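Here chain A shows up in two complexes: once beside chain B, once beside chain C.
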Partner chain A sequence: MNKRRITPGALLRRNGVQTILASLLCILLGLLVGYLVLLVINPQGAWDAILAILKNFLYYPSPAAATKYFGTTLVKASALLLCSLSVLFAYKVGLFNIGAAGQFVVGAGASLFFGLGLHLPWYLCLLAAVAAAALAGGISGALKAYFNVNEVISCIMLNWIALYCVNMLLATVKEQSTPYTRPLSSVNKGALLPSLGLPAFFSGNEFVTLGLPLAVLAAVLVWVLLEKTKFGYELKATGLNKHAARYCGMKEKRNLIVTMMISGGLAGLGAAVFYLCGIEQWMVQQTSVPAMGFNGIAAAFLGGLNPIGTIFSSYFIQHITSGGSYVDTGMYSSQISDLISAFIIYLCGFVLFFKLWLNRLLDKRDRKLSEKQEGGKA
Partner chain B sequence: MLLLIQYTLIFASVLALVALGGCFSEHGGVINIGLEGIMVMGALGGALMMKYIPAGTAAPLILLLVTLSSVMIGMVFSLFLGVAAIRFKADQTLVGTALNLLGPAAAVVLVRAINMSESIDNVSSTVVYGEAKKAFVVSIGRFEFNWFMLIAFLALAASWVVLYKTKFGLRLCACGEHPQAADSVGINVYRMRYAGVLISGALGGLGGLVYITAGVSEWKFENGVAGFGFLALAVMIFGQWKPVSIGLAALLFGLFRALSNVYTGFDMLVALKLPSTLYNMLPYAISLLVLVFVSRKSRAPKAEGIPYDKGQR
Partner chain C sequence: MEKYAIEMLNITKRFPGITANDNVTLQLKKGEIHALLGENGAGKSTLMSVLFGLYQPEEGEIRKNGERVAINNPNDANEMGIGMVHQHFKLVECFSVLDNIILGAETTRAGFLMKEEARRKVVSLSEKYGLYVDPDAVIEDITVGMQQRTEILKMLYRDNEILIFDEPTAVLTPQEIRELMQIMRNLAAEGKSILFITHKLAEIMEAADRCSVLRKGKYIGTVEIKDTTPEKLSAMMVGRDVNFVVEKKTAELKDVVLKVQDMTVASRQHKNNAVNGVSFQVRRGEIVCIAGIDGNGQTELVYGLSGLESLQGGTITLGGTDITRLPIRRRLTMGMSHIPEDRHKYGLVLDYTLEDNIVLQRYFEPQFTNKLGFLKRKEIRSYASRLIEQYDVRSGQGPVTRVRAMSGGNQQKAIIAREIDKDPELLIAVQPTRGLDVGAIEYIHRQLVAQRDAGKGVLLVSLELDEVMNISDRILVMYEGEIVGEFDPRTVTVEELGLYMAGSKRAKESGPHMAGGGAKESGPYMAGSKRKEEKADE
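For the complex of A and B:
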């Protein structure tokens, strides 16, 4: 007669449900901490400021303007999604790709230089970005495979090297009076990503382009590659235990390098998607690595390290990051959203513990229930 | 030339302090990727103390108070890593990265709030501490001796003694090499690991303070500490987790970092007509190169990065 009903207890035991719960908890606690910090700085406007961050583009009363800025947030979120996929892919193979930021920089440099310096069409710029960033990632992978260099430290060094190199490279295509690179729309229209008619849905926001569907497609492809192919299985096996992988006849060194190349390529694609829609120009005097790659880490972990989950978490992280610019700048600074997303990453470290704790709690409850039933029989 | 030596020594002091911090944490078994964030927070603590200290305070007192506030803030901030990594068995790389993002973001938010409360138009993230900084420096001829050079040297010597000659140091190392064995002879692994992380917080925070007071008299916190925490980790690996080697490695890296500040003073280097960006890049490129050569036979503490679980065999 028991038709295997899904009880709340069984539902809570599912890994996916636990992950979603944990992520929501991280978000709530992160926002709470942000709110507390705002309260300490200035109690009067704290609630409004948190609301402004959460509302983001809804700040504009007219629906047309709101949809337009929704489009802008989506464009940035698609670049962020690709960066977080880069982090996620490497992490699944046991590598911590903190170099997504640097690979993003390399991708930006390659795509803008091919577009502005060499006047090539968009698809070549895109490919150049992916290839250059894959190479940058591959360097870290090769150093790890052949010289046992910790990938976190080599990635950080490469981040800075990439930043300075790209600054030098793009200084050749900058505007004369400003430190920014010349706009693609005036120099080489062919390098702009095709719009596919998407701007019509976003009140004519011309930055919404092919990049958006491309990023979502990449998420799906990464999921398929990791979960449904032999190649992905091999990569994950290498990540779990490289000695066992070698024993089974897998080429663990090659797998390491290929992983970092794919990971780098994803970050490079993110940069191409971002810079080839013309939404921003590169500032050639930048002295810090763009935050996109680091936010990718937040999005990857908040998404429960699941490519599909990352689609939502990337959007959320970008949503609050963009929302930060709407807080009352007379009282607070927009970096409050950086603080919130940094704290969310920190909280993600506790997810494993949370799951253990939840399972233990459920075990205890089940034991009590069964004891009660036993008692009833006797 | 004198200027080069001066800058080399001061940057080497920064690197040595922070690398020693990393060294203590890793000998206890906790990887501290978050040194960069700890440096920023320590720098913030010191900078604010310098900003608010009354103008007439005696120089030694200033030195003491500023150092103490950096060290305290660094230790408190490092507890974020300690609690997550030791009590909650979190992924140490992830939490460390979170600290690196949390530190600069918190510093910018805080400094901006302070600046804005002073004057509504001041939205910069800069702390000015010109006067108090003079307490750290003694001019010997044209050479500006900085007390922190001495402190860094003393810290190196003390670390050597503590790590190799005291019960505490040997126990700490045992917790990073084989925590189960350490536990079996009655050492409290959790407590030792907390101690390691706290020491790294103290040294990292102090290093951050030294970094922002090296040469400049105000600091823009949006810039963080430009990857110095990671350079220090490279120094630590190059020094193979040993205090004496760390000191020498720090001198080498300090030299390359100093070159980007003062290369214009050398006719030979100016004649090469290299872009200044290249000199900025140099420390990172050299450290990558060095890592390639030393990492293969690295002698890292065996159990680092693995959360200790009493119940596990």
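For the complex of A and C:
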């Protein structure tokens, strides 16, 4: 009957197209607002500052230095990617996992303790991190399923419980004179993630390891799980309409708990790939939950809640966050980069808003069209 | 000419595709109790919304004390002294009775609440009308009857003259109902005008002075209660004209597929049981219809059968197996199909595509999921396409249309295709034609009859008497959570059914011998019936 042609309407319907449009819009708006704020604070340095944030590692004139710091950004981005996958996964099932931050902390604690305290090899440390974080997520899931405790509340409380427990745990493996955990490279080299020869591509940046491909692989796996499997079909149905899920006999309580466990496991994996490459040590006197998990929320939304999209959004957010350290601190306080990325992150919320609005518009049009068709046939 | 407190004259309100009120007139005298009677969807709610300014009618006018007034929004209605007790109370659960009464009409001085003044007024009002309730009790601790009194006091506190009660007795115990009737009479005696919306004929006969009847949006008439009988009112409410005639053969009864014994389900709304010790059977090859007015336990009965709600007591047997404690999925795979009452809440995942919704009950079967847990998208597509073709489900983009973008009739067709194609032993259909146009209704009725003729058991829950009379082989009437009568549609009249549905009559004991109960009264109506019966041997 009608030829298969890609109409503008059908093109706009495509989730990917919508997401990319919306995300780009948010980034632009965020940068604009950030620039305006810089202008207000100090008009002279505003342009240079925004450029520095955008350039990040390109700040270094030598290509070797630039590639090295590109590697560092990628390492951090891969941890962020896993955190954002954690948020995304839960969100698809109708849960808001603000506890990714706490699960990240649990993962850090488990991986470092297994590496430094128990001297176990890297793969066991990795597994321990995933398992411990999955357990932490599962607690919130079970509370939600059986006692209808809002997962946001239980997650936030668990974030703090996790932080102080991990501080206590890791105090047993800290250096004598500093509040930092002992470096893995001197205590237990076997706990460091295998490099797979990757540092050669990044001017010998030894922190680039298995973690990078692992994070990308996780994104692909999450996508496959959600889009291609029976399990994903069930989880998404539960998230979109839990009444209908119950009506057709899905076990919505089990789905809630399993979802939070997988979500927690992803955040834990994020912590493992970050701390097991040795790029940072844990500071056992920390009094705030690391921002990685919270930034994961932003990356998930900026990526349009698509696992593949989050690969790019995670990189972008890490890019500007790292870029912030190159801003001239003589003109601006050092927190300015956080402020700019906060603007962009804040505007990420509009990705969903924009999509909602666009879909309503298209639905309205489609309904009119189908009514016309039905009228014609009858 | 007599002055009316409020008059709605020749109101016509149209919505796309339907005339909700067609030339409706309602005249409320000062100091009378006026009942408004009509089936579900008769247009009562629309008429009240017009009175409260939520809708503007296309034609007609509203008069207060003989003068034409404009009501553009609920605030206008409040200013004219019109108040309403809604079926579901609008109370703040954790506030006291007094706080709820003054909420929105607080007396303040310099920003501080003058509660003592309010308390004096409330106490004097409750003494004047016999509305005893403790002003300091917290709403969540008091009975539904007391909550309703709070709602009534709210209207009186605002000096409302016209009091509307929307189905006020639905949630009350018999004693509370008696007390409410007395309160209403006290109010009327003090010069308040009362509009009493209900389905229950006995209550109208007891309390009202006059009654106006609506049917399918049309104004049927207003009668004096002293000149009428429940039978006459019932006839006015349900009408005599049967709209659709479904051709069907005589039922060929086979073995019992569903057996329910003493089923009891708790209510989410009130403390009584929603379903109270119900027993019945459905055989293969028959359509059993549960008739009744909305809110008499039909919804909970189906929740109990499908497993959405657990039973307080009793057993359910499906095809010889006790399924009382089985999970939902097991019941469904054992041959139960369920067309749910609320297709948006339960029947569909609106943001899923049509094909994903069509396999919602079968996606886990080996034909759609391989051993590794991956969905077989190709098979899903071809299965969905076949059903879309076979059941004529129309949509913008075929299998990949988001269901949210489809029309209500086609959404329902998709559910019916899904549930019938499962080849069930028992098909439970709850209000399957609600909100659909004539063509879709006819289609769905044909499908239900076809299932029966294929030897399935069909349990139909319907609020539409036409539907009940036309396609069922056996009728069970539910009233206040119990089955109050069992009838054969060939021998019972709609008037008779109406009396059972409204609680004016009930069988002493329900059983098969009841089936002929209405036979004596099937007089001229049945003779003139347009029913077409075809003998199986013809």
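Criterion: the second predicted complex is superposed on the first by the 334 of 378 C-alpha atoms of A that agree within 3 Å, B and C clash if a C-alpha of one lies under 4 Å from a C-alpha of the other, contacts with A are read in each partner's own complex, and residues count from 1 in each chain.
By definition in this document, a contact is a pair of C-beta atoms (placed from the backbone, for glycine too) under 8 Å apart; a residue touches a chain by one contact, two chains touch by 3 or more.
These numbers were taken from a predicted model, which means no experiment stands behind them.
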Return first, second, both or neither, reflecting whether A:98 touches chain B, chain C, both chains, or no partner chain. first
If you stack the two complexes on chain A, which partner ends up touching A:42: first (chain B), second (chain C), both, or neither? first
Is A:167 in contact with chain B, with chain C, with both, or with neither (first, second, both, neither)? first
For A:336, decide between first (touching chain B), second (touching chain C), both and neither. first
Between chain B (first) and chain C (second), which does A:243 come into contact with in this model arrangement: first, second, both, or neither? second
Touched chain A residues, chain B compared with chain C: B
Same chain A residues contacting chain B and chain C, which ones? none
Residues of chain B that touch chain A when the two form their complex: 33, 80, 84, 88-91, 93-95, 97-99, 101-102, 105-106, 108-109, 112-113, 116, 120, 123, 125, 222-224, 226-227, 230, 233-234, 237, 275, 277-278, 280-281, 284-285, 287-288, 291-293, 295-296, 298
Which residues of chain C touch chain A in their complex? 306-308, 327-333, 338, 340, 345-352, 356, 360-361, 363-364, 369, 373-375, 377, 394-396, 401-402, 404-407, 410, 439
Along chain A, where are the residues that touch chain C in the complex? 228-231, 233-234, 236-237, 240-241, 243-251, 363, 366-367, 369-371, 373-374, 377-378
In the complex of these two chains, what residues of chain A are touching chain B? 37, 41-42, 96, 98, 143, 147-150, 152-154, 156-161, 164-165, 167-168, 287-288, 294, 297-298, 301, 329-333, 335-336, 338-339, 341-343, 345-346, 348-350, 352-353
